[in-house]
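Read from first to last, the chains carry the letters A, B, C, D, E and F; within each, the first residue is number 1.
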């Protein structure tokens, strides 16, 4: 005997979370692409699609609350649902960052970029990988995987700091760059935040699986 | 008859949330003070005290989970606990911003500020007021108050944009300012985020009280 | 244009309603136990009736297949509409109704006969002409009991465990292929494991049947039902309907203050 | 230094333990119903025993005041330590034990006597010499029943509602001022409102008493108890203790896989 | 009625036939009850009709006589009173004691089982056999003689199983939860019996006792075996007096060929029935009151 | 030890008699003695019948007693074949049960399944009164009413006959059957009936397919017990069935039952210890065994088929 109904609902929810996650990942990558290729339409698209992400996140959140109300989950189930609830709001926020990058894309417009995008796509790839991995390990309840994700965040922070220093230098070198540099600064910041939140997701995953009190690593 | 035990637990939790909120508010104000008065000790203190905030937030989160496990809240109670759970993580994050401001305080060190702090304290006051108000209206279940908080966020955004433009101008005017300007930019950004999160809290409050699906206003 | 759509939806909904109570009042002697209940039950859904003890849940439930006829002092006012016919009109025969609207009781009550005969009982009295073995097997399968009893169909129904007995009673009811199954606290005499099995069975059954379930256990109502109706006792001790709605709505955000108080365990 | 502190704490804890089972085994005839249970109960706390039906919860509970003596086929091995004495040693008189370790049953069972006499019963048979009226009032107040019955103390205890009856039974037990109160599914015959009242009462009582409660209702265990012990049935059909722990820990993060499966409603 | 059509595919239309058949059986069953009631009515009316003329004060206060007009039942009435008083005082304590032992104290063993089977069989032993027992045991062997005491002892043995069964039933009906509650409050076994079990079983026990005694009042056969005498012109003064009882007096009158004595018999029956009716109604009253209490 | 201290603190408020343990033992023995009295009764019955019967069987062989077809213990030529008495007993009992079983069962079904509560509450005590009427009264009724009435239908019927005794006996044991059967049916849980009604059963189907089968053991044992009662019944047959030991199947004839013979002889002046006197113990012994066997069968039936509800 098992709680078939409940398990099915939980699995559906996991699936929805995964699909929300890939939407977000796509949005992040698209927004960076748009930036790189100066494709304003694409940027606009990312911005518009954020509403969809928001709605989906709200939906997941509501389903979690409904499940809590109707199934009174306990122990592992409770941790799972709470994790889903919290992760969905992380994803929603990550969607906002993608939207933010999209907006910056529009602000920069057809202007040339300050410099060829090298480090930013790197951090973007890293962050989006972390996002993907964090969700995969969440679904597969893979604690070790989750720990690896958390570990990856260090690299992101390093690259971010490097980008930051570089951009500040560029501003100092040429005040004309300041506007565009700050734009890129925001982009890097947003990506760093995405990685941070992926880290959060993995921390939640560890809590979900082990039930261990969350070991809050400051970000 | 009433659920005395549960109600008492809920009230305790509300109190703890409030006290966490005032800790966070204090941290924000202190970090700004430290910045204004270039008091590095104070900045350090804010940074150090963030651990306490994190721990308290985790504690509240755990208590929420325990309460869910042991009391199976439904309807209003369930919304309340979920709100508490989510709000505690907002507060934790707000604490991080205060810490961030503290760190900037240290980075700037004894250097003179770029300009006398006028707009930043203004946005700081506003944000910390929003924080306070959002929690007060949460506890008093005051939907109208919560709506006012959300409304205040517009003002914050405006000031923030103004600061942003001003700082970028200053950078352009004098590249020597760039480093310090970006510092202040971060401070402003952090404060703006605090206001955003207060807005989130108020949105959660409205959900908690009315049970209406969250009307997600993009931030 | 939009208006038209609404109308269609309205029709759709009323098509979906299989049975409904209209201004239902039940008296036991001079005592009004149930007051003005109006309730619609949708096809292939589970409706649960919840409310404090004595609010008339069982009484309302028994109206749906006229089991109240068996209580001499009981008198029913108002009507139960089933397929457009008032079950309480003169020309309707209660016995006939009960083979379209089955009932499962609080305590498992298999007859002291063999498992087989328990399931065949309803078919036999109704003069079933088909293949009895087949019908019995089918019902037991539907009730998720077949695998457990297929080698001991001759054993008395009373040799089964509580949960199995209850599923046997469900199988017995399914055998006569009712439209609607009424259940009065079907799990309150069972332990959590057996309860869970019954709850899952209920969820499976709604693909074919409509189920109205009375339960004391709010969590059960939450888990098992699509819609929930909340009844309360008035000052005059008569039960009345406070609110009906989607189960999720009732349990996350009920419209009525009283429902909220009951559901969250706060009572005035 | 640190070692010393640990030792002190250990002592503190053992001081706090009011009653414990050591290698408890219970046989009904040849059938071992309970196997090697070790359990410590802390003073002024609620310990709940949960587990599937037939895992021996009631059997274990009954060992704590030797109610198993009344079951002829029952035989108890191991010991129950209460204030340092093994309740099952030869010189201990079961009757005496039971006035220090009271018990409340699944179904409210007031005597068919007046409310007053119900509460006074235990005092009378124990030859109580003090002011009876005062003692009765005190117990009824402790059981949160006084206000409801103070004007009808002469009425039969059976005229009360189910929940009130159960509180009367609790009052009756409190009257003889036991150390420990055992409760065997005290709410399973009550509706949710009455259940809640009893649960609140239990929480109030632990300021003075220690309570061990058996419950089928996991949520009740979660709400009401400080510690939870989970029992299961082994392959040999004997019940054994799987895990004991803080209630919150058991319900959010049990150590044992089996506990988790049971608590989340998944069974193999 | 679409559902009906759906139904009739599964089941042939047979409801009307089933209902008609039910009606016929209903009337048959009803007439069974009526047979009982009508018989009783006829019996009562007939006896009243036969005996009413013979009822008079002196019928109660005169001794029996060869002359129907002055014959009375004084000796039989007093004999009955003596017998029943003695029977009751033997059988009630012993019966209740035995019941308590069997329900509450006895270990589950073959020995107890034998006692139980034995008692239920004793309840079915014909009363005349008890008469033979009394005749051999009390009258002959113990040389008590054909006395009130011998009769009462015999009747006591006769109704003892009935009292025990009734008392056991009553004690068994006391919910176990009462006992557990009592033990859980620290009562000893006897305290539990005295303060909890017996008080709640008492009404039912009393009902059983009354019914048993009214059975004893109506018994003629064993008394005939013990004391064939029916023609007594004195009333018993001590337990060793000879005696007669009402049913025997009636039997004597019935057996006489003259119609007048039939009338006397009917009159005697009226008195006997009045006494029994009184006792029975009291028992029924007790039972109903008890039932109502326990239903609350 | 600590516990002991605990107990002493209690005893300041609680005074429990110290002798309670000894008291408990004594009470147990007294109660046991009460229970043993019933065994003693049985032993007494068997011993007294066997001892007195022994004297009889010293003179008459058991074989002659059990197989002889003529019973004439007083009038010469004497014969001690008990079959005429057994036959008379059986004839009356069969007539009685043939009447009482269907009527009693019918009444029981009516009362438990059809009658409104109010009707049952009136009718049941009425039937119980019928059961409580002393048998002497039935004898009177048979003799002064039933026989004369039957004679109007069957003119050549004699005054003392098996038929009217049997019929009245039927009336007498009918309430026993209806009460016991009704008890058995009433103890079938209400929930079973509801279960059947909910499957669309009519009232008759509920009664005949659910309630009666479930109560069958009780019903059958009520029949057996009623027959046993009829066999042991004394005064009615003494008065109404005659005093003619005769092996016959004709219900219109006068017969004598075992019980009636015992009464007849008790009323006479047979001397203690005489052969005539001892015949009653021989007949009594036989009667005792017959009823014993029937009762044993009756309780066996109940135990074997008893369904445990709840």
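Rule of thumb we're sticking to: a residue touches a chain if its C-beta (ideal position, glycine included) is under 8 Å from a C-beta of that chain, and two chains touch if they have at least 3 such contacts.
Worth saying up front: this structure is predicted, and the values here are computed from it rather than measured.
Novice: How short can a chain-to-chain path be from chain E to chain F, counted in steps between touching chains?
Specialist: Between chain E and chain F, the shortest chain-hopping route counts 1.
Novice: Based on C-beta pairs in contact, work out which chain pair has the most and send it over.
Specialist: Here the largest contact count links E-F.
Novice: Rounded to the nearest whole Å, what is the centre-to-centre distance of chain A and chain E, using the mean of the C-alpha atoms as each centre?
Specialist: A distance of 90 Å separates the two centres.
Novice: Taking the mean of the CA coordinates per chain, how far is chain B from chain D in Å?
Specialist: That gives a centre separation of 47 Å.
Novice: Just give me the whole-number Å value for how far the CA centre of chain A lies from that of chain D.
Specialist: Computed from C-alpha means, the inter-chain centre distance equals 51 Å.
Novice: Residues of chain B touching 2+ other chains?
Specialist: 1, 3, 6, 65, 69, 72, 74-75, 78-79
Novice: What positions in chain F touch 2 or more of the other chains?
Specialist: Residue numbers touching two or more other chains: 202, 205.
Novice: Which residues of chain D are in contact with two or more other chains?
Specialist: Those would be 96, 99, 126, 193, 196, 218-219, 222, 251-252, 265, 267.
Novice: Spell out the part of chain B that touches chain D in their complex, as residue ranges.
Specialist: 1, 3-6, 65-66, 69-72
Novice: How about chain C: which of its residues touch chain B in the complex?
Specialist: 218-219, 222, 250-254, 259-260, 263-267
Novice: What residues of chain D sit close enough to touch chain E in their complex?
Specialist: These residues of chain D touch chain E: 65, 67, 70, 72, 95-96, 98-99, 102-103, 105, 107, 109-113, 121-122, 124-126, 156, 158-159, 169, 172-173, 176.
Novice: Give every residue of chain C touching chain A within the complex, in rising order.
Specialist: Its residues touching chain A are 193, 196-197, 200, 203, 219, 222-223, 247-248, 251-252.
Novice: Could you pull out which chain F residues touch chain C in their complex?
Specialist: 116-117, 189, 191-192, 194-202, 205, 209-210, 213-214, 307-309
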